[in-house]
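Pasting a structure here, questions to come.
Letters A, B and C name the chains as they come in the text, with residue numbers starting at 1 for each one.
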Amino acid sequence: MRYSPASALKVAALIALTALPAAAFDGTPFTDATGREVQVPANPARVFAAGPPAATLLYTLKPAAMIGWVRAPKTSDLPFLRPEVAALPELGRLTGKGDTLNLEVLLSATPDLIVDYGTVSGTYTDLAARVQDQSGVPYVLVDGSFAVLPQSIRDMGKVLAVPERADQLAAYAEATLAEIDALLAEIPEAERPTVYLARGSEGLETAAKGSINAEIIERVGGRNVADLETKGLANVSAEQVQAWAPQVIITIDRDFAARVATMPEWQGVPAVTNGRVYLAPATPFGFIDAPPSVNRLIGLKWLAHKFYPEKVKTDLTTAVEEFYDLFYGVKPDGAALAALLGG
Amino acid sequence: MADRALIPLLLVGLILALLLAAATGAFPIPPGRIVAVLAGRDGDAQAAAVLWNIRLPRVLAAALVGAALSGAGAAYQTVFRNPLVSPDILGVSAGAGFGAVLGILLGLPVLAIQLMGFGTGLATVGLVLLLSLSLRGGGQVLVMVLCGIAIGALAGAGISLVKLLADPESQLPAITFWLMGSLAGIKRPDVAAALPAIVTGLVPLILLRWRICLLALGDDEARSLGVEAGRLRLLVIACATLVTAAAVSMAGVIGWVGLMVPHMARLATGPRFDRLLPATLLAGAAFMVLVDTAARSIATMEVPLGILTAVLGAPVFLWLLARGARTWSE
Amino acid sequence: MVGVTPLVAAQGLAVGHAGRAVLSGIDLVLEPGRILCLLGPNGAGKTTLFRTLLGLLPPIAGTLTLGGAPLSGLSRRAVAERLAHVPQGLSTPFAWAALDLVMMGAAVRLGPLARPGRAEEARARQAMADLGIADLAGAEVTRLSGGQRQMVLIARALAQGAAAVVMDEPTASLDFANRIRVGRAIRQLADTGTGVILSTHDPDQAAALGDTALLAGQGGVLAAGPVAEVLTSERLTALYGIAVRRETLPDGALHFRG
């Protein structure tokens, strides 16, 4: 799924309606992922994140600069968010599939910068430029590829004028990725589990191999069985899952996780037989995707524990505690952590 | 084609389609072992589970959905005296679609989603009928169709609204897949839930099949031949709608079948509904079984049925248009 | 004929749509084996009258009985047993085989769940044979000529076996030969005892076919009675608003010239 492009499109469309004069402003030139040189305010104080991935990154880097959420956090997310930020208003449903953002709401919140974090391509380069030309608000797009995550954190940190904070988070990301690489070096291809990512309450919606939604499963060495004709989300049949016979099932659907053991059409799938169906934690942000942002770093560690229980001996609860403290600025108590990881 | 030869021929075709579908699937079961597995003489519990819990319910569902949509299409075409009408004409698919996507938005269990789709599909057509009966020129076919278009458009707007409100990461893909039609998630309880409604709707159509012919003449003509045309048409619409709503709530929105299959069948049987209906039911079942087999075997991922039926249906439709007045007059 | 229950009888009948009469003061009686011709300019309400007789429109005033029974108390089936309809043309979009269309006349005798069997097929074939169109049985009605379709529709009325038939301009838009064929078929129908009411724009046809005639115009009935009495030069001149002269041909037939 794509995030930033559609957001740019929406902002462009809406800003075109109001036809604001392009404002000149002082700032530091910054060349963003689209190759555009953008004049960024020296110390952005009111930043609008164009999509959920950008919102998550912005929250972890500079929560004080947030002026609102594109989608308000759910009640269950609140204990895992900084209280002052959790209460920010929902400004508009600026998401990946063409929803609406009320530009008057956005502009009345007086942003001095719009940041986006996601796919970079010609269309979106142009759209970002259009939005900025028409609104006068600088628009920076940072590459959302997982492979360049540490660099993207640093880039975003530079734009937001929080380089030290960005260094700290990027270093964590680098260490995590190095840890995973070291782990994988010990595990031959054949010993890595075959994995199926189940979505939807029937578990028959999946993310294809190579899709952004399943990216980190493959990064931890999981062999995604869903090698499909698409690189996005798809429906598959229960029989197909039976034929794939995945050793591990990762799901983001609580209902499916609760029922899979009793669903007749899932019986005999090795992951179900061996009790290796895992519900990915999702508060305040998903471990696997939803949104595909820095939140996936803890997802890597969680997956490593689930994939290689014999090899990974570090304490998962401690790792989660550290991550939440460092990235989200909250210290969940033992009960909250147990509930989070308990499924 | 001789009337007597057609039905056995279609029956053989359906049986062959069912056999092919039962022998085809992602889970490797050699066709030779299928009979043994079904008879319980094969010890492979996994193969038996796949066949009984996944493949066979789905093949049966495909046959049911195909027969239901095609039979309803034939009935609608006859009572609306228009060979280019599909079962969606009174808004049943849009209505069922709205209910189902609303169910997805509310995070309901699958069976509840199906029930909601079924209920709103019926309610939509009920509303259309009530409206058309209360308007001037009440009960006329044209008024009915126009009401169907209006209410269908409202349901379509409802679907768009639900899409707008849906969580783009989890609910929206599910909604999109549902609206494209698929039997990928079919289970035995789904078939058991839809079967009574489909049978209840089809039985009166089958029993009244000759009398329904007369509705194709127009109300006045049918009445002067001694038929209570208005009442009979309402009954036929109710039955065809019940059948369609049950099929759509189980399989999602699948277009073209209800338009195309009766049309093709009519080429062989002529317009007599009493001959058309059995041929349509058999042909529709066989067609949908084959299309669904394709949907689950031409790619690793599920190809939505709505896409396949449109790809097959649109050229056939154009071909029919080009042949023009062969089975109907302008 | 005294004492025979009329197949169709109307007294003080007014017909129209939505409570507004287009034709009123209609008194008519149709007896078995008789042909009643209805003449009147376009818009005189002939079709409206027919629809009322068939129970498709409620009468606005007056009484109307079919076979002695008030129409208002009759079911569709009972009406169809008493009165069949031969429409002006075919309105079906489907390519019925002629025999299938004729067999639909059987609906009046069949239960809701029944299909026509051999007896009904034989009856339909007989009706077609009686009209000399047995060879059209397998033909698609959408491909027939106007005259052939009219014959098929008359055959259906025959197969329906109603005591009386109303025909809406049965010979309109037919060529000369077909007009004669259809005229003969109508006479044949009456000779078997069926009562016929037909509308026509042709006074010659009315004079040749009809036993009685009814002239409708200006919202009411100008005259009704035996054709020779009703169809006078003066009345037709008044009815159509154009000078009409009546002549008697050497064979006794009436002929009208404009």
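The rule is simple: a contact is a pair of C-beta atoms (placed from the backbone, for glycine too) under 8 Å apart; a residue touches a chain by one contact, two chains touch by 3 or more.
Bear in mind the structure is a predicted one, so any value in this text is a computation, not a measurement.
Distances from each chain's CA mean to the overall CA mean are smallest for chain B. With respect to subunit C, maximal separation of chain centres occurs for A (centres as means of Cα atoms).
The mean-CA centres of subunit A and subunit C are about 79 angstrom from one another, to the nearest whole unit.
Centre-to-centre separation of subunit B and subunit C, using mean CA positions: 43 Å.
The distance from the centre of subunit A to the centre of subunit B, with each centre set as the mean of the Cα atoms, comes to 40 Å.
The residues of subunit B never reach two or more other chains; the list is empty.
On the side of subunit B, the complex with subunit A involves touching residues 25-28, 45-46, 49-50, 53-55, 58, 107, 109-110, 164, 168-170, 172-174, 177, 182, 184-185, 187-188, 296, 299-302, 304. Residue ranges on subunit C touching subunit B, taken from their complex, read 51, 54-56, 76-77, 79-81, 83-85, 87, 91-97, 100, 104-105, 107-108, 110, 112-116, 142, 160.
Within the complex formed with subunit B, the subunit A residues making contact are 1, 52, 93, 95-97, 99-100, 199-202, 204-205, 208, 226-230, 233-240, 242-244, 252-253, 255, 263-265, 267-268, 289-291.
For subunit B in complex with subunit C, the residues that touch the partner chain are 81-83, 207-211, 213-214, 216-218, 220-221, 223-228, 266, 270-272, 274, 325-329.
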